[in-house]
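Please go over the structures that come below.
Okay, so chain A shows up in both of these, paired with chain B first and chain C after.
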Partner chain A sequence: MLLAVTQGLGPVFSWFFWITFAAGLGWLLWMSITGREVERRIIFLFMGLTVSGAVLAGIILPVQETTVVRNVFDTIEGLSEGDRVLLSLDYDPSGAPELEPMAKAVSQHCFEKKLKICYMTLWGTGGAMITDVIALAKVDFPDLVYGDDYCNVGYRAGNEAVLRVIASDFRKTFPTDVSGTSLDSLSVMNGILNCADFKYIVAIGSGRPGIKEWVEYVVEPSGALMGSGAAAVSAPQLYPYYPQQMNGMMGGSKGASEYEKMLRRVYPKFKSSRAQATEIMGPQTVAHVFLMLLIVFANISYFLAKKRKGASA
Partner chain B sequence: MKRQIPLALVILFGWLMLALYFIPLEGAQKINENLLDWTAIIGIFALALGIWSLISVNVDKIQYKKRDWPYSIVTLFGLFAMIVFGLKFGGADSMFQGQESYMFRHFFDDILIPIFSTMFSLLAFFIASAAYRAFRARSALATILLVGAIIVMIRFFPFIAEYTRPVADWIINVPNLAAKRAIWMGVGLGIVATGLKVILGIERSYLGRD
Partner chain C sequence: MNRKVLIPIASIIVFIGFVLLKLDWDGADRTHELWEALEVTAGGFLTLMIFSFLYKDNAFYKFAEHLYVGISAAYWMCVGFWSNLAQQAIPHLSQSLSEALGQPFLGYIWHYWIPVALGLILLTRLLPESMKIGWISKWTLAFIVASTAGLFITANLQANFIAQIASTMSLPLLPDWTGFGDFLSNFDLSYEGQFVKMFSNWVIIIGVISGLVYFFFSKEHTGWFGRVSRLGIWVLMVTFGAAFGYTVMGRVSLLVGRLTFLFRDWAGVIG
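Entry: the complex of A and B
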């Protein structure tokens, strides 16, 4: 079953990886049962080998769709041609491996539906992230026209204050796009006066200012419809806002991989496009399994040590 | 005067912003929006202040050859290189194309992104080590935390997720949500209390000591 979901360096390497992984875990279990502590450097080595081995084996695991992600997908799927979507990419390179795949997938979905996207960011480093996402989306849509199909208004300093203002007057904070072109001359922004004029807002972020601030300063006062994409570490903190203030959320690589799966199911043309999050999920899940087993082994060792101590006392 | 004027400004604008938020008149909302514009302007001044502070601290380190001073040279080089290559002027042939410029992209893609990614990736190693050493079922509460964490993590594993997902979803949507909501409510009340203390002039630590 495991071989069926592996790619990369081929089945021989995959078998080698799984056998080595199982042997390594067996050794760790033996060490735990015999009450011997495993050195920190050994744990580091195991984690490094587990992740790199899983990456080289190209493990792709099946992804199960969830309602919270499907809501974002269905909302975009329900929009009509020409509707405007605001995509805010509030993250830096450290969050990119998790968040860029969802930004790319949402962009691909919007462009496939012939929706118009306005990109923005609340993070100083977000400008380059927008450039990357547009470049990735353009691989499948080389004929996109700047100003007609999408625009990039870039970054403005001010964090929450930016959101407070754009909630009621978008052009007050963003009178021009990132190149200094007036928004009035971009057809993609025709009729957009404030955030509520966008049919859907997707805030993808990994910290502050991010999704929480979007909810507090834009969704609540303006009543705009919003979905989000959050880093796995911050996703549990954002569940209180679902489904009232945000109708859906993609949490970490798992959420992104679900979105990629839905996109490929509905639009098979994207099957040839690289599914970054789905590729990440395999090694990440193997690392999680390793971590869980480490915790279990450590507790076995702890209880056995306690028992031995009790017996000798 | 050094303390009285800032204090008076904080009290005045604090009450004004509070009042404007609750006044539904168009004129009041216009004033509110104009004042909010100032926040963005002040934010830009803070950026300038931050850059000045970074330069001053690092120049001082280099000048007096303080501990790890060579790193300050790298910091300053990075700062100025990104500012210069991030500038945008000249025609299409100019090397200054803002964020699209060749050098800016290379500095960003080949230096900044790998550094950030490396720093973030290191977490996996430290979490693994910490989990092995510290995550022990020493008490009933620690055991509940341990079992809960494992069930929530297992929900990502596709072959058994089907069976564990209902429990994992319950943990996320009921106890986790309740705790998070309680924390947010507490934080909200704390912010209100601190805000009131500031605009009433009780909390003055932001003015400094002298």
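Entry: the complex of A and C
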């Protein structure tokens, strides 16, 4: 199957790459069986080659949809034209490969449904992330009007304190948008007094302050409806909040790729748009298989060493 | 020529060479093209410099690391000034200063002087020790610690304690149960199926109880109590394993992101 999808680079390169790689794996297995140590830099090299090969080959693997992601999609799908959505992008450039595809897909979905988005961030580095996501969404929606279709209130320092205040009074912390324009003059924000006035909140984050803080300081006291997109590292700690305190969650690249798949299934026009998370999942799977092989090799080495020690004692 | 001079000069020449290779000579907007080529090439070089640490610590890695720390500090200082002082404090304290900073004046509120004063007090740590005034910064620190603790306690109790216990206790042991006959005739192993829902709920309940038993040290972990505690360890190990798997996924995603940048944006090998 891998060979079938590596046609883009030419069959010679594909065959050469995968044969060399298989030979390397065989060598690693041989080193494990004979009980010899493999230097960590060789492991790094193999991991680099594995992921590089998969990226260059453009491996795309099928993605299985799950309920936890579908709930976010269905909630947005169920909103009516003109409803307001709050999208908080609480991450920095290091989290962008995982989280930007989510933010882009949710934005595309909202704009396609003619929902109005208010972007904000709890991270000082999040401002640039918002700009990037808006630029990506505008590729498919070039006629979006700032103030009418979306707005960007940017960043305010204060972490949890910001959330505590906007849960009851949005304008107290964000009297203006990112460029100093009063929120009262933006039609997107008409009638929005606090977070519960948004039909849906989607918090996309990779750490603190992030999704956990949104649950603690906004969802619990205000009862706002919230979905989320989490970096893979923090996702396991956030599942306990599902489904009572947040109705759905996209966990890492896998969650993002599921959302992209749903978006393309329901709105085929997005098939021409780049599916960033789906592109990641191919190399991701290959890297996981490689890692699992390493764990198997290490265990073989461990048990053989134990056996040899027992025989010599 | 000295090696310490030769290597940086060679690096700069290689960098310029890559920028020139990246330039689109037929582009209409030459300045924009040049900036874009510089940006992408700098990104590619810095990525490789950071990756070089995987081989061993070296001067290129150190350069990239120091550049990153320096830029981060400068960036945060600017963000701190604009988001705290320019956009929040000054618009409530001075009309002329607000206008000078391009911010709308939002009306004078005297108590905005309190955070400004606390901020200035915090800076007394930077004064020479001989002035013996640095201790006053502890007032601000005490305020930060106390207000944070106050905020955390109530929010954590509600979201992470009461709501979690309530959610766990309200889990149905037999979800959507209408009888054994219906259960068998509609048997479904899919994620949405009744069996999987029921199984998940049982796993959560047994997992929570056995996990709590593992951390109960007032009774010796022997007999049935020990067996439940042992199950608790397994639950914890499975949880850590899942978290590790997710962590690997996250790190590989970042690696894929960087490699995609190198191959697509910089080298232009993939479309």
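FYI, the second predicted complex is superposed on the first by the 298 of 313 C-alpha atoms of A that agree within 3 Å, B and C clash if a C-alpha of one lies under 4 Å from a C-alpha of the other, contacts with A are read in each partner's own complex, and residues count from 1 in each chain.
The rule is short, and it goes like this: a residue touches a chain if its C-beta (ideal position, glycine included) is under 8 Å from a C-beta of that chain, and two chains touch if they have at least 3 such contacts.
None of these values were measured; they are calculated from a predicted model.
Looking at A:A287 after the superposition, I want to know if it touches chain B, chain C, both of them or none. Which is it: first, second, both, neither?
Touch status of A:A287: both partners.
For A:Y302, decide between first (touching chain B), second (touching chain C), both and neither.
A:Y302 sits against chain B, while chain C stays out of touch.
In the superposed arrangement, which partner chain does A:P62 touch: chain B (first), chain C (second), both, or neither?
Once the two structures are laid over each other on A, A:P62 reaches chain B alone.
Pick one for A:E258: touches chain B only (first), chain C only (second), both, or neither.
neither
First (chain B), second (chain C), both or neither: which does A:E112 touch?
neither
When the two structures are overlaid on chain A, which partner does A:D177 contact: first (chain B), second (chain C), both, or neither?
A:D177 sits against neither chain B nor chain C.
After the superposition on A, what does A:A96 contact: first (chain B), second (chain C), both or neither?
both
Once the shared chain is lined up, is A:P236 touching chain B (first), chain C (second), both, or neither of them?
Both: A:P236 reaches chain B and chain C.
Across the two complexes, what residues of chain A are contacted by chain B and by chain C?
Overlap of chain B and chain C footprints on chain A: residues 44, 47-48, 51, 94, 96-97, 125, 127, 156-157, 160-161, 164, 236-237, 240, 254, 284, 287-288, 291.
Across the complex, what residues on chain B touch chain A?
29, 33, 36-37, 39-40, 43-44, 47, 88, 98-100, 105, 108, 112-113, 115-117, 119-120, 124-125, 127-129, 131-133, 135-138, 146, 149-150, 153-154, 156-159, 161-162, 165, 172-173, 176-177, 180-181, 184
How about chain A: which of its residues touch chain B in the complex?
That would be residues 1, 38, 40, 43-44, 46-48, 51, 61-64, 92-97, 125, 127-128, 131, 156-162, 164-165, 168-169, 172-173, 178-179, 236-237, 239-240, 254, 281, 284-285, 287-292, 294-299, 302-303 of chain A.
Could you please specify the touching residues of chain A with respect to chain C in the complex?
That would be residues 8, 41, 44, 47-48, 51-52, 55-56, 58, 66-67, 94, 96-98, 124-125, 127, 154-157, 160-161, 164, 175-176, 180, 182, 215-217, 219-221, 231-233, 235-237, 240-241, 244-245, 251-254, 279-280, 283-284, 287-288, 291 of chain A.
For the complex, give me every residue of chain C touching chain A.
54-55, 75-76, 79-80, 83-84, 87-88, 91, 102-104, 106, 147-148, 151-152, 155-156, 158-160, 163-164, 166-167, 191-192, 239, 242-243, 245-260, 263, 269-270
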